[in-house]
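In the two assemblies presented below, chain A is common to both, partnered first by chain B and then by chain C.
So, the complex of A and B:
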């Protein structure tokens, strides 16, 4: 009996420890955000007096109203939406058009093309040759510099190919016998069946375009900058937050406004990813083991 | 699923019993046409820059070919091998990589094991979902939030330290001695939950009979962790370790660039930021390409060696 009691006690302590650590993880992940939300909703004077922690003091929405009144923020936010939507669409198109033929083991030359893709995962040209190529193609300073070169990601492609390979051939064969072309077959049958994989890699692409700032910095003009680069320029002081900020209270306004920019530019992605969780968890394990 | 795959492969091969390529192409030309544009895309945007690395051996003239104009041999390599800035960046890269590996390799494993021990399914799901969140956040946002939290004038951390311990506010982001820790722990914050996915999948695959047997032998839950869970996921841990060693030099260049200040440059200047500064800021294209090529080659060697080791030991690799 004594032994059983000991085990039960040990398990109880372990259970407590596990739950404690998990609560800690939860807090560490969330608190920085809650802090930013509290800052963005607080009165600048309260921030100045260091009154704000995890709860807004003298709640007001002025910082949100302010950022949406800055034309350069508004443009940057719109640019980000544009790059994310167009970039992801083009990226998916290219990867589907490449992934589908590559998922057909019977297609001759497939091995060669697959090796060609995999080789680029181990060795890439590096920053300077890429930069010089894009300027040589006269893409620098155009939005295409962001939309076109990054369309194909090898890891995402492999997730997609592995998924295409699990689609039963019977379905495709029936359609081919009915005289359907491969092009139609792909869009009418294969793509609708591949929603989980397409959702996963679509999310990855969207996150890439949404979060990019470095490629935008080196390839784009300032009126084409996305919101992340706008934020970076505010943070490191290369750019003033907005014309409206008076010189006296610039720093306090900057904090609540910075916080508002952080929240507004992060919220869309945070709202979307939980809905795709079951897909990307599967995609991650399949892709990484087989990749 | 597995059966279907086997069948598919069999039928696929049965359809081409040494057909001449002409008739094979006639039958499947649509598939070849479909991948034509993506293949051209890969050739242009992946292979041309790869060939562009010859710039490391050639002199570049503005407005002329991106492949350079004349051969100069190992001129640029000799130059950076005697440049103290290069060696500083090289050392910083190694130190930061090692710190990152030593700290951030085990943490996701521990997290996955703990998460697996959570009894309440809804709580478990909540922690899991929240732990993925930081992975989706832009590095710009991560560093901006970090800057706010650590700000010497209004940041929460300094307020707390001042009010509770009476410590004079510290400008954490600007001091060299904190840079590496901040880099490593923001990485923990961003990727712990995400990396744990792989270990969680491995834990889910463990045969439940092993746990039942351990329970019959009177094992506590901690003992089960050490005697069942850990040994069962050891192969996964090994593969991941080897792969991580292989790619350890690929640091978060963008994050380092965002955290870089003149005051912490002594420890925050890594090879990638050196390439960026030399190449794009100072426009020494060939010199920067040479440095980039050198570190790229070290990376390829590391990956290849670690992959071979992984194959030998576990029969599993990434290619």
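So, the complex of A and C:
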């Protein structure tokens, strides 16, 4: 009995410690975010006078009004949603269709294709050859320039393949014996069983498409630009050319506007996490060990 | 074992293949670049012929119609369709329905497809378009031919504008009007051709400099500072009153202080040196470069500012970049009373300051050992260039003529600056009166006209008349500018550029980099006192000599045009 209590006590201390650490971690992640929210909602003068900490001073929505009034802001935001949703969907489709056959060891040439995939993980043509390739394929200036070249991410593909490998062969055999085709097998049995892995790589893809600005910059026309490109410009646009003695040091953007930009650009993608979390926790480690 | 060996062999092979492929590609790439020049050369000569033909027919037109400008020439035709790269600054986001933009498109019968590219990524996009030659626009705004663009131009990626002088009458006229022939001549590349049409300014503006708390001067009965010693006295007085303060702070970092104050000491070194060499300066009396980084002038300069630093008069945080937010904070809260910054920013600080009577004022350059000078300025700014592919268009002549008229003609210059008469302003004699809406704008005339109408944007306004610009600012600003203009050469010219070939340019830059880096380290050291100006100066000069500052200087003097 006494022994039992002792364990409970040390457990309690341990739990307390764990909780403490977790709270610290939480604060480290959360405080910058709260700070940014507070800044974005404060009066610029209050920020300049160093009065803002974690609570907005003199509530003021003008910074949001300013960024929302940027011409084309909503079109750019729409573009971003388009790339994120279509890009992720297309990417998942392609990766599932490539990953499933590659997960089958009996497929001839499997090794060769796998090595080709891995090869491209380490070697690439570089910026200008890539640009020329995309340009010769007549993809520049079309939205496909963002969807097709980035449909397959090798790292995500490997996670997916390894996950497919953990699905018991017996399940598939049973389905095959019952007369199911491989196509149907993939969509009716394998994909539903692979939700954690798909959610994980889906999230990775979504975050990639959401954050990407460079590829859009080089391949697309300005009316197809995602919002990230504009926001990036607002946050550090005037700093970038600082070496060009003069005009760059002249124009400034209030920090409250920058804060608002940061909030606007991160909030939607952060909102996805809670919905995917239950898969995500499992998905992070799945695929790592073959069952 | 054998297998892994094989694998590593394959990987190495593929590595070298990809690398070679990369080379091959870029080789091809430069060939595609190199090809057009030949082609384009032919093309260009063909075009010039054609141009001359049309030119002769034009001259007839000219003699009859007088209105030889692009506006009347192409009035009846279909709108000219061109794609234009525009560098977009988020402090002034581009709007396609700006009054100026619409007026231009209508007046010159053009249908512009504007590619609005964020300024931070503008050079990347331009460089990609010029390097690959694919998907290039017809016209690129806001560029110069320094650095990469120069070699791209020499390799045929750009149209030599000077070859088509007969199509750019307005540009030529404005250059003559402002007396900038020599300056434009200096912008020509090694092959003697000009590859862009720079923006032109008749008299440089004094848009930034020493900014002080005028209310403090008044309260203390101090007079306006004329020399650096006056400044010292003012800072000292402020420090006495506010012992916790650091009276002088700098926007952005030491480079702003250096570039704005060094000319009064006869030098300009550091990251923003007016010569662009970091370590050399132009001797305006003897017309040659000298090694300013090891000169006594620099020593004298540093002695003064080290004194400020030591006595706590100079903001110790200035070694780190001070961004504009922190800077405004310092000024608004009274942490500092003086700064080197830009006039445009005064308003923001004043409106944020809580202290009653808070008033900032900008002052003319202070007098130092070499007179009172501000940062030297060029009358030529970023301008317009045409990618090589544009010259292949059948309507190339019309494009050049239209662009020339659209940005450099008298009427166009007025629209880009003032908007449309009757709508945004009225003019009687020499006085310009803005509409009530503009005059009552909270942001001030200049900013409001920029944001609302697209007037006065660096990207599109190519012709700047000082007097006309001043009508947009408050009287105070105009007064200071007048005062500075009346001073003896307060804003000197940018030192002349030199003519290096590719090899020399590389030699020069390999000498420059270590010199510049070393200078930065020592400048910091001397300023903050971690290095003594008395005991360590000789060691520093020795180091710079070892890094061949003299032969670097010699290279520049030898290559003077």
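Quick note on the criterion: the second predicted complex is superposed on the first by the 210 of 291 C-alpha atoms of A that agree within 3 Å, B and C clash if a C-alpha of one lies under 4 Å from a C-alpha of the other, contacts with A are read in each partner's own complex, and residues count from 1 in each chain.
Simple rule for what comes next: a residue touches a chain if its C-beta (ideal position, glycine included) is under 8 Å from a C-beta of that chain, and two chains touch if they have at least 3 such contacts.
Please read these numbers as outputs of a predicted model, since none were measured by experiment.
In the superposed model, A:277 lies in contact with chain B only, and not with chain C.
After overlaying the two complexes on the shared chain, residue contacts for A:44 are found with chain C alone; chain B is out of touch. Once chain A of one complex is fitted onto chain A of the other, the partner contacts of A:262 are limited to chain B, with no touch recorded for chain C.
In the superposition on chain A, A:132 makes contact with both chain B and chain C.
By the document's definition of touching, neither partner reaches A:197: not chain B, not chain C. Of the two partner chains, chain C is the only one that A:221 touches; chain B does not reach it. Once chain A of one complex is fitted onto chain A of the other, the partner contacts of A:140 are limited to chain C, with no touch recorded for chain B.
When both complexes are overlaid on chain A, the residue A:152 reaches chain B alone and has no touch with chain C. When the two complexes are overlaid, the chain among chain B and chain C that reaches more residues of chain A is B. Of the two partner chains, chain B and chain C are each touched by A:123. Chain A uses residues 47-48, 50, 123-129, 131-132, 135, 213-214, 218, 229, 232, 236, 251, 255 to touch chain B in one structure and chain C in the other. Chain A contributes residues 44-45, 47-50, 70-72, 119, 123-129, 131-132, 135, 140-141, 213-214, 217-218, 221-222, 229-230, 232-234, 236-243, 245, 247, 249-255 to its touches with chain C in the complex. Within the complex formed with chain A, the residues of chain B that make contact are 1, 4-5, 7-9, 11-13, 15-16, 21, 24, 28, 30-32, 34-35, 37-39, 41-42, 44-53, 55, 60, 65-66, 111, 114-115, 117-119, 123-124, 126-127, 129-134, 136-141, 143-149, 153-154, 156, 159, 189, 192-194, 197-198, 201, 218-222, 254, 257-258, 272, 275-276, 279-280, 285, 288-289, 292-293, 296, 300, 303-304, 318-319. Per the touch definition, chain C reaches chain A in the complex via residues 11, 14-15, 18, 21-22, 25-26, 29, 88-96, 114-121, 124-125, 128, 131-132, 134-135, 207-208, 251-252, 255-256, 259, 271-272, 321, 323-325, 328-329, 332-333, 341-342, 344-345, 348-349, 351-352, 354, 375, 458.
Put simply, chain A touches chain B in their complex at residues 3, 6-7, 10-11, 14-15, 18-19, 21-22, 25-26, 28-30, 32-33, 35-36, 39, 47-48, 50, 53, 94-95, 97-98, 100-102, 104-108, 113, 116-118, 120, 122-133, 135-136, 148-149, 151-152, 165-166, 168-169, 181-183, 186, 207, 210-211, 213-214, 218, 228-229, 231-232, 235-236, 251, 255, 258-259, 262, 265-266, 269-270, 273-274, 277, 281, 284-285, 288-289, 291.
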